Amino acid sequence: MAHSGINILFAGQNFTRLLGGLWVSAKISIVSLVIGILLGLLLGALRTLKNPVLRTILRLYLEFFRIVPTVVLLFLFYYILPKNFNVNLSAQIVAMLVFALWVAAEMSDIVRGALISVPRHQKEAGMAIGLNGPQLYRYVLLPQAVGLMIPATINLMTRVIKTTSLLLLISVMDVVNIGQQIIEANRQVYPNGAFWVYGLIFILYFLLCYPLSAWARHLERRQNNNA
Amino acid sequence: MATPLLQVEHLEKSYGDVHILHDINLTIATGSVTVLLGPSGSGKSTLIRCLNGLEDFQSGQLTFSGQPVTPNAKTWQQLRQKIGMVFQSYDLFPNLTVLDNILLGPLKVQHRSKAEAQEQAVKLLKEVGLADYQDAYPRQLSGGQKQRIAIVRALALNPEFMLFDEVTASLDPEMVRGVLEVLRNLAQQKMTMLVVTHEMNFAREIADQVVFLEEGHILEQTPGQQFFANPQTERAQIFLNSMDF
Amino acid sequence: MATPLLQVEHLEKSYGDVHILHDINLTIATGSVTVLLGPSGSGKSTLIRCLNGLEDFQSGQLTFSGQPVTPNAKTWQQLRQKIGMVFQSYDLFPNLTVLDNILLGPLKVQHRSKAEAQEQAVKLLKEVGLADYQDAYPRQLSGGQKQRIAIVRALALNPEFMLFDEVTASLDPEMVRGVLEVLRNLAQQKMTMLVVTHEMNFAREIADQVVFLEEGHILEQTPGQQFFANPQTERAQIFLNSMDF
Amino acid sequence: MSWTIIQQSIPVFVQAFWLTLKLSFYGIIGAIIVGLIASFLRYFKVPVLRQISAAYTEISRNTPLLIQLFFIYYAFPEIGIKISATAAGISGLIFLGGSYMAEAIYGGLQGVAKIQVESGLAIGLSRGQLARYVVFPQGLTLSVPAIAANVIFLIKETSIFTVIAIPELTNTALDQIGLYYHTDESLFVLVIAYAIILIPLSLALTWLERRARRGSFGN
Amino acid sequence: AETTKISTIKKRGTIKIAVFGDLPPYGWVDKNGKRQGYDIALAKQVGKDLGVKVKYVQVNADSRVDALNSDKVDLVLANFTVTPERKQVISFAKPYMKVSIGVISPKSKPITKVSQLSGKNLIVNKGTTAEQYFTKNSKGATLQKYDSKTQQFNALKNGRAAALADDNSYLYAWVKNNPKYTVGIKHLGPNQYIAPGVKKGNKSLLKWTNKEITKLNNNGFFDKNYKQNLKPYFGSDVTAKDIVIK
């Protein structure tokens, strides 16, 4: 065939369309990460309290999101909940919601782990000068835990970004979905277009995630050196 | 006799099934220095922690300044402003500067004015010889410096009673002196203190009374000089011998 | 004079830009006990670690048993069988039983027969009073017991020279005695030893010679009794005063 | 939701269940082996191989499994490497999981106290012996919780095998939905199936974490 | 949730239609991001005749019924084959297209009878008529179910199965570009129909759509649509009669 496969990327608006799709993935990641991390901080702090009821509920919340694959969650929130309850959200909103809840769950575990690894005598030293519960978290525990949770949090970020590749299942026009459109539209002209399109998507994801991973590793190394 | 600052009656403490403290009775007079001695694991730290509510206990009555203490979170949080405590491990908050460590309690717990609290903090820092370290972070300090700051942090709340749990145990020998100096000054200023220490020479010098604990029982509660010259129990004698190797 | 066991000449050591040890010259006679003293941060640990290759140094010459030491990984690995070391922190391998900790070196490094090595291990364990703990795991032991095992582990390689870096510093006071007892016995058996310690009474008793280090310089290298009675430098005098508070 | 429909679909799901378990099992074992090798190369600073393994780790961690599988299954035959869907799925899981396991294992090795390494050196152990008797036994124990967390993560990732037409659990559920449109029932069975696999693992993870924190090795 | 009547759609000013985005020539997206295809042309006409704007919702095969039932869309125009199972959960309007299943295989090892598939692998595309058919009558063949046309044709070219079953119109088009393969089985099973899908109980929209299809049939819309969208793709092996319903 006369057409070299790489041209598929530059025909018409294809390249811009793919970047547009990437932006959708990025936008969903960013929004869900911001909301999820904030919520996760709160839930993680709550999980270190002694209240057994609260603990059980939050534990179940975590387990639910840990056990149910993302694909199922997306289906559940996009198709099943609207059918049974009267809420109808757009695909992007659902994606953000599902990811945010998932991030919050994973984050709550990271936060909890970091909080309880702040040495006990730090907490006691805070109590000994009369700080109350919220003040303990605000001034002593959280600031010290933040350093411990940053690398794990960044790893979670890359996982979220990578998981956006499943969004085509609920009709989000993300980069994979647009890639799919381009591949199928050109199947006759560029039978091997798929490799170029997927190759580009591969690189795009790498470009999004690699800086984050490198940053996480840098922070981790710095922490180990300080320890 | 004047009202004692702290009175402990029939205090019992267990961890789960393990009985740690047995029928503790203890009186601490205002302005006196009590040294708590006893072998490792005898319950010294546990007792001292019960006295400012870091551990709860099963039964017994505490009376502070003539007021019975109802042991709940609220009471303790109030009371801890009057009862300062310094631990063995360096426990400054690593995320705050020296000054912020000291001001946290006065500003956030006692809601005092920043100017006034800071003035007091600087004065205290001067007294322990660390006026230049206001803006340092704990990691930039030596162990002995950290412990002196920890003492200042407790004092900044203007407590009536200070608890010290082996505050020199993790220090290099050369650092010990500076910290003990601070404690000695406090004693001279008639601060009421309860001190756990392994520095026998220091204990001998400073103790108005010695409480000797073994396996959670108070075996002796004797005036300081008498204890070191002539302990009442054989166990205390053996303990004293083992200490001056 | 007989060949010294170890001779250090003009040793220089830096971490990056920071010069830690300056022109260290040191002679250790076979069968003698050298005590290394000096304030915290003066470089005692660094020096002792240079002597068995845990730190490398920039220049200088070591001579062990009359043989110059070429400082490379291979030489050190060989030499470490002759130079035992015990650290301040409890450093038993937590994944191995007491006996396996002790036998690791004799079996895997020295390839000795299991029966013979085990016999020796049991004998050594008896000597430190821990014959019953062969199959225990380190976590089941107290700090003092762990340190005694660590000493046995080093001795099991039949070293000619032992390095001790503050081996009692992390111990509860009551545990210290047992460990020092073991060191004292070794000295009586004419083991050549280099000891860093803060236990001054013990140092005075055991030291054939004292090396006093400050800021990486050897200020004194004096026979033991002379040092404690009458140190040559003012700095050492101040140091000694600070130690018996 | 109808029980009859659920009952009818059980046999298909049982098959998918075993297939998911089987693929996960081989994938995870393989990932652990790759992780061991990669952390071994990194630990011993093996020249060249270490750089290769580092590059592999970056590619593996920073790209989605979906795309990785696509290349393994659809693109590799073009350059003469053709493996079955099952093998491709397992390879993909190994490719992705290997780097996650390597991080977990290497993290554990780094957690081994420096004093442990030094006291090993002090009794004359060579670097290899040190690794064999001290660093790996302790490090692996330390990394068990992280490995367990990765196991859960990798099992869930098998749901992406649908892109290469492997009838594992998720694919089966989606297919059932496409064929018969009993969405609620299919997803319900799917969640139950994953729960049967993952809940015990998750409990084990909690237990392991707690044990690690209590420091079964604490000196 | 409550169903959307014609009146509500008109009031809203838009109709939400589920379409495919990756299935040329029925529903796909061109290089400028514009939706194209046989189903899309129908959707446009529906919008025009209703006097409302069309909002496309891209779906994949598995989610067409759920898109209706969760009110994500009012109408499905996405190569939707009428089957008894689907009829139980949604309503179909009058069909606008017919399809028949074919099977392609390499010329070197042609499959000409279903019985030859026994013990072999057969590729199908999820959500297609062929998948439905072979799931029920597999005749000993093992199905490999792919998500997209690209995937299924790639798999066939990589020799992952003995044959591939799909709408025969497709297969004719594909073998034109891939002369090593042949449509060994040209028709299989009864004719199947493609129809618009409507949420069950949405009588008002169903009635309107039925009338619309009849009207469009009569005024030759589908023939025109065929010429415009399908003919260039399928070439001359397929004729309008094979696809358009008269």
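We call the chains A, B, C, D and E, going by the order they appear; numbering starts again at 1 in every chain.
Going forward, a contact is a pair of C-beta atoms (placed from the backbone, for glycine too) under 8 Å apart; a residue touches a chain by one contact, two chains touch by 3 or more.
Chain labels with UniProt names: A, D = Amino acid ABC transporter permease; B, C = Amino acid ABC transporter ATP-binding protein.
Source: prediction; values computed, not measured.
Among the remaining chains, those touching chain B as well as chain D are A, C.
Graph distance from chain B to chain E, where chains that touch are one step apart, equals 2.
Centroid distances from chain B, each centroid being the mean of CA atoms, peak for E.
The chain with its Cα centroid farthest from the Cα centroid of chain A is C. Between the interfaces C-D and D-E, more contacting C-beta pairs are found at C-D. With centres taken as mean Cα positions, chain E sits 38 Å from chain D.
Centroid to centroid, with C-alpha atoms defining each point, chain A and chain B lie 48 Å apart.
If you average the Cα atoms of chain A and of chain E, the two centres end up 35 Å apart.
Separating the centre of chain A from that of chain D, both taken as means of CA atoms, is a distance of 19 Å. Looking at chain B, one finds that none of its residues touch two or more other chains. Annotation for chain A: residues touching 2 or more other chains are 75, 79-80, 194.
In chain D, the positions touching at least two other chains are 74, 174, 183.
Going by the touch rule set out above, the chain pairs that meet are A-B, A-D, A-E, B-C, C-D, D-E.
On chain B, the positions that touch chain C within their shared complex are 39-40, 142, 172-177, 180, 198-199, 201-202, 242-243, 245. Against chain D, the residues of chain C that register as touching in their complex are 52-54, 73, 76-78, 80-81, 84-85, 87, 89-96, 104-105, 108-110, 138-139, 146, 150, 153-154, 157. On chain E, the positions that touch chain D within their shared complex are 61-63, 65-66, 69, 85-86, 88-90, 126-127, 131-132, 135, 144-147, 151, 154-155, 158-160.
Residues 63, 66-72, 75-76, 79-80, 113, 116-117, 158, 162-163, 165-166, 176, 192, 194-195, 198, 201-202, 205-206, 209-210, 213, 224 of chain A are the ones that touch chain D when the two sit in their complex.
Per the touch definition, chain E reaches chain A in the complex via residues 1, 21-24, 28-33, 36, 57-60, 63, 66-67, 69-72, 148-150, 153-154, 173, 177, 233.
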